[in-house]
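The structures considered in this document are given below.
Here come two complexes built around chain A, the first alongside chain B, the second alongside chain C.
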Partner chain A sequence: MFLAGASAISSPCLAHARIYISVEQAQKILFPGSQFTLQPILIDQALQASLKKVSGVHYPFRGEHIWRDQAGNFLVIDEVVGKHEMIRYAVGITATGTIQGIEILEYRESYGYEVAEQQWRQQFVGKTAHDPLKLNRDIQNISGATLSSKHITDGVKRVMYFYQVALKGAN
Partner chain B sequence: MLENQWRSLTRCKPLLGTYVEITAHTYTDQSIAYRDLQYCIEKAFSTIQDLHCRLNFYADNSELSYFNRLAHLRPLAISPQLKALLSIASEIHSYSEGLFNCGIGQYTLGIEKDQVRFGDLADLQFLAHDQVYANRPLCLNLGGIAKGYAVDCAVDILLKQGVAAGCVNAGGDLRVFGLQTQKIHLRMPHQCHNLIELGELQNGAVASSANYFYSPTSTDNLGQRIVHPQLQLPSNSPHSYSVIAPQCVHADALTKVLALSQQIVHPCFERYGAIPFIFYHDANDITNATLKKIRH
Partner chain C sequence: MVVRNQLNALHPRKCLFMGLLVLSSLANAGEGLFGWIYTLDLQPKGSLEFEQRLQLTTGQANGKYDFWYSRSELEYGLTDDIQVAAYLNAYSVNAAQNYINPEVCGDAVSCTSGYGVPDSANEFDGYGKTGLDGGSLEGIWRITNPVTEPIGIGIYLEPTLGKLKNAFESRLLAQANFIDDRLILAGNLVLENEQLKSTGETIPESLIDILLGASYRFAPKWSGGIEYRYHTDYNSYFWQNQVQTANFIGPNLHYADKNWWATLAWRYQLDGQCMGEGTAECSGGNVWDSHGKNEIIAKIGFPFS
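Let's look at the complex of A and B:
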C-alpha cells in the first residue's frame, strides 16, 4: 500500500462527469453477436401518464432510443434525472421479457442546480462531444458515498412496464 | 510514452444499492488482450452480483435474512462468503470493543430497542463444517462492511484473471491494484459535489463515511447514516471520516470505528495497517498534521 503526492492537494474541484460505454458497446456486452436496429416509439399522453403512475418517475419517458435485434431482444436507453445527478443507462430485455442486464452509459453529477453555475459550465467551454472523456481522466477514483441507485430501480421498473405494454406485442 | 502502452476499460452497474465502477488496465503487449478485459470485468461484476443477492439485508430471500431468521434456533451451514464476512466483522467488533457492530439492523427497520432483545456479533459461535450458531436472535445488517468485502472479492477475481492494474469502486469504497498509481479524490463533507485531490494510491483501499447526501427534509433515501451501537442513535456529525488500508473490507469497517471514536490513534487501525483521517466540515483542506499522518 502506498500513498504519494498528498502534498499536492489542490483547491477543490467540482464533481465529475463520466462516459463509460457507448450504446453500441452496450449492445455487444448484453447481446454478443446481435445486430440491432433503431425502432423508435411515439409515446402518447395516456401511455406517459400510466408510466408515471406505475413507476413514480415524474419526468417523461422518451421513446426514441429503443433498439431491437432480429431475435426480438430489445435494448432500451433511458435517463435518470435526480436532484443530484443525470444518469443515462441501458436495459437489455430478452425476447422472453427477462432483463438481460443493466449498463450505466453516462454518469453526470451536479446536473441540477450547479449546471447553471458559471464554474460548472466553464468546464465544458470549447469541448466537443468527445472531450468529456478527457475531462474524466483526472477524476477517476472518488472516495465518499456516491448516490443511492434507487432512482435506477424506479427507472428500470418503468422500462419493464413500457416493455409489457408497448414492446412485447411487437415480437 | 509509458501511458500509451496502457489500455483500459471502465464499466459501471447499479449494485449494492449504489453504483459500482470497475476499471481494468492492461499493457498493449501483454498476454491479456484488450478484448479480454471485457470478460474479466464481467466476471468481477458477477461476483459482486452474487454477494449483492446473498448479503442483502432488505431482501427476505437473501442468505443473510435466512441466517438472521434461524441462526439462534440451530447451527446453520452457510456459504464460505457469508462465513468469511461474519468472521471479519466479528474480529473487528472485538478489536474495536464493540464500536463496530452490525447487530443494529433493527434500528433501520424501525423496531424499538426494547421490543425485542437482539444479539450482536459477540453472540456468534463459529462451529465445524462451515456452521455458525447465534446465542440470541439476530438482526445483523452487514451494510457497514459488505461493500468493502465485495470490492476485495472483485479485485481478487481481476487479479486471478491476470489483469495488470485497475480499480473497483463501490459507492466510494474503493481499492486500486497493480503497478499503476492512481489519483484519489475525496468528497468535501459540506459540499458533497466538490472534490479534493488526496494523492496517488497504489495497491491499497480507501473508504469514507459521512452524511454526504443526508437531508432531514428529503424523502429520498440518499443518506447513509452511522448508528451508534450503544446509544442506538444516528450520527449527526458534519465531518467526513476516511480510512486507507490494504484491504477494502477493513477500510470500510474502520470508518465506523473512526466516526464513532473520533480517535485517529485507536489501536484498531494499527492492527490492520490502516491510516485514518478526518476531514472537518469547516476546513477547506486537509490539515498539515493529518498529511503527516497519511505519509507515515
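Let's look at the complex of A and C:
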C-alpha cells in the first residue's frame, strides 16, 4: 500500500495543500529493506560556517536527523526556507557517496508543489558532492516554483558537502 | 497521514481535473509584500488572482480630509515573466475646512478644497462624494528574476482612465533578495503623466517618485518592513516646472497563507514644500492636494481559477 502510494508521488497529480511523509517512509522508498539507526552529529560553528559558505544557505543545518544502515547508506533530513514556511526533505546517499534520491517530507506552500514530482527530483539521482548541484546549471528550474527549486537544490548541495566532510569517513 | 497516498484512489481523469483545479487555486504569487512598492513576485503562467486594495489618505492642514480609494484587481500570469491585470477603481471623499492657505481661502481662516473636491463645491461648506472612478490596465515584464539573479529588474506600465484623472504610469522595478530570500530590498522609479479632472478643469501634471523599501520575513508566514517615498510633482505633462516635493516613510506588515495574503502599510508625510505656482497646495511644511499627513493602505489577495 505504501509503495503504491509512493508511486503516486511520482505522478503529476500532486495538487494538495500539504505534502507529508515520515522519515520511516522515506527510508523505505529510498532504501527498501534496509534498517536504519539514528546517528546524530554535533555541528560545530566552523562546520556550520563552511556549510553556509559552500551552499549559500543561511538557515542552520541540524545534525540530529542523520540515519545510517548496515551497508553504509545514509539518510539525511534537512530543512530549507520556503516561500512562507520551512520545506523538510530527505536525501538518500549510498555507501559510495552518490545520491540515491531525494524525498520531500513536508511542503506547505501556496504553490510550487512540482518540486515533489519524480521528474524534477530524478535530476539529483546519481550526483555526488563533486557535482555543481546548482539551479539552472545541472539542476533545471521549475518555472513558477523558482524559490522552492533553488532552496532545495542549495540544500542538497549542503547535505552532500556535509557528507563529504563529516559522514564519508564513517564508512 | 500520507497525503500523497490518497491519490491512488482517484480515477486518472478525476486526478487530472483535481490537479488542474488545485494547482491553479494554490497558485499564489504576485503577493504584495509592500504597501506601495511593487516587487517582481509575479503570477505564474496561467494563474489568476483577485486583489482588493483600499487606501485612505487622511489629514491635511486643518479640519477634515478623508480620501478613500478602492482598487479591485484581477491579475493573470501571461507567462512566468509577464503579468497583466485590470482594475476597477472607486473613491469616496469627505472634506471640510481642510485648507488654510490664503491663496485658496482668501480672507477666511480655512476652506474646503483638495483632490476630489471640485471647484464648483462651496469652499466654506463640507463636501462629500462617493462614486466609481474608472479603470486601469497593467502589464509587468520581469526581465531578471531576483531569486536566481543578484538583482531583479522589471518594467511596469499602467494606463488609467477615470473621472478624477487620466494617467499613464511607468515604473522601473528593482529588487534584491538576501538571507535565503527572506530579506527583500526593493525600489521603484515611478514616472507618471496625468490629466487631472477632479476640480472640474483639465489640468496637466506629471510626477517622478522614488520608492525604496525593505521587508524581512521574521517568522513563518509573516513579514514586516519599512518603505520610503520621495515625491515630486510638475505642472506639465512631461516633467517641466516642478511644483511639489515631499517625503513619506512608514512601516508595513504582511501575512501570507496558502490560499490568501494580506498587507497593511502606513506612511507618514515627513515634510513637503511647493515651488513656483503651486504654493496654494502647501502649508505648515507639508503638501496637500492629493496628499495627506497620513496614508494607510490595506491589500488582500485571493488566488482562484
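A few remarks follow.
To be clear about the criterion, the second predicted complex is superposed on the first by the 111 of 171 C-alpha atoms of A that agree within 3 Å, B and C clash if a C-alpha of one lies under 4 Å from a C-alpha of the other, contacts with A are read in each partner's own complex, and residues count from 1 in each chain.
Keep this in mind: a contact is a pair of C-beta atoms (placed from the backbone, for glycine too) under 8 Å apart; a residue touches a chain by one contact, two chains touch by 3 or more.
From a predicted model like this one, the values you see are computed outputs, not experimental measurements.
Of the two partner chains, both chain B and chain C are touched by A:H84. Of the two partner chains placed by superposition, only chain C is touched by A:R108; chain B is not.
In the superposition on chain A, A:I29 contacts chain B only, with no contact to chain C. Once the two complexes are overlaid on the shared chain, A:H58 sits against chain C while remaining clear of chain B. Overlap of the chain B and chain C interfaces on chain A comprises residues 1-2, 4-6, 8-9, 11-16, 18, 20-21, 83-84, 109-110, 141, 143-147, 150.
The touching residues of chain A, when paired with chain C in their complex, are 1-2, 4-6, 8-9, 11-22, 25, 57-59, 80-81, 83-86, 108-111, 113, 116, 135-136, 141, 143-147, 150-151. By the touch criterion given at the top, residues 1-8, 10, 15-16, 18-23, 26-29, 44-45, 47, 77, 80, 145, 147-148, 179-182, 217, 220-221, 256-259, 303 of chain C touch chain A in their complex.
Chain B meets chain A in the complex at residues 10-15, 17-19, 21, 23, 38, 42, 167, 169, 171-174, 176, 181-188, 191-210, 212-213, 218, 220-222, 224, 240, 242, 244-246, 273, 275, 284-286, 291, 294-295.
Those residues of chain A that touch chain B in the shared complex are 1-16, 18, 20-21, 29, 82-84, 87, 89, 101-104, 107, 109-110, 114, 138-150, 152-153.
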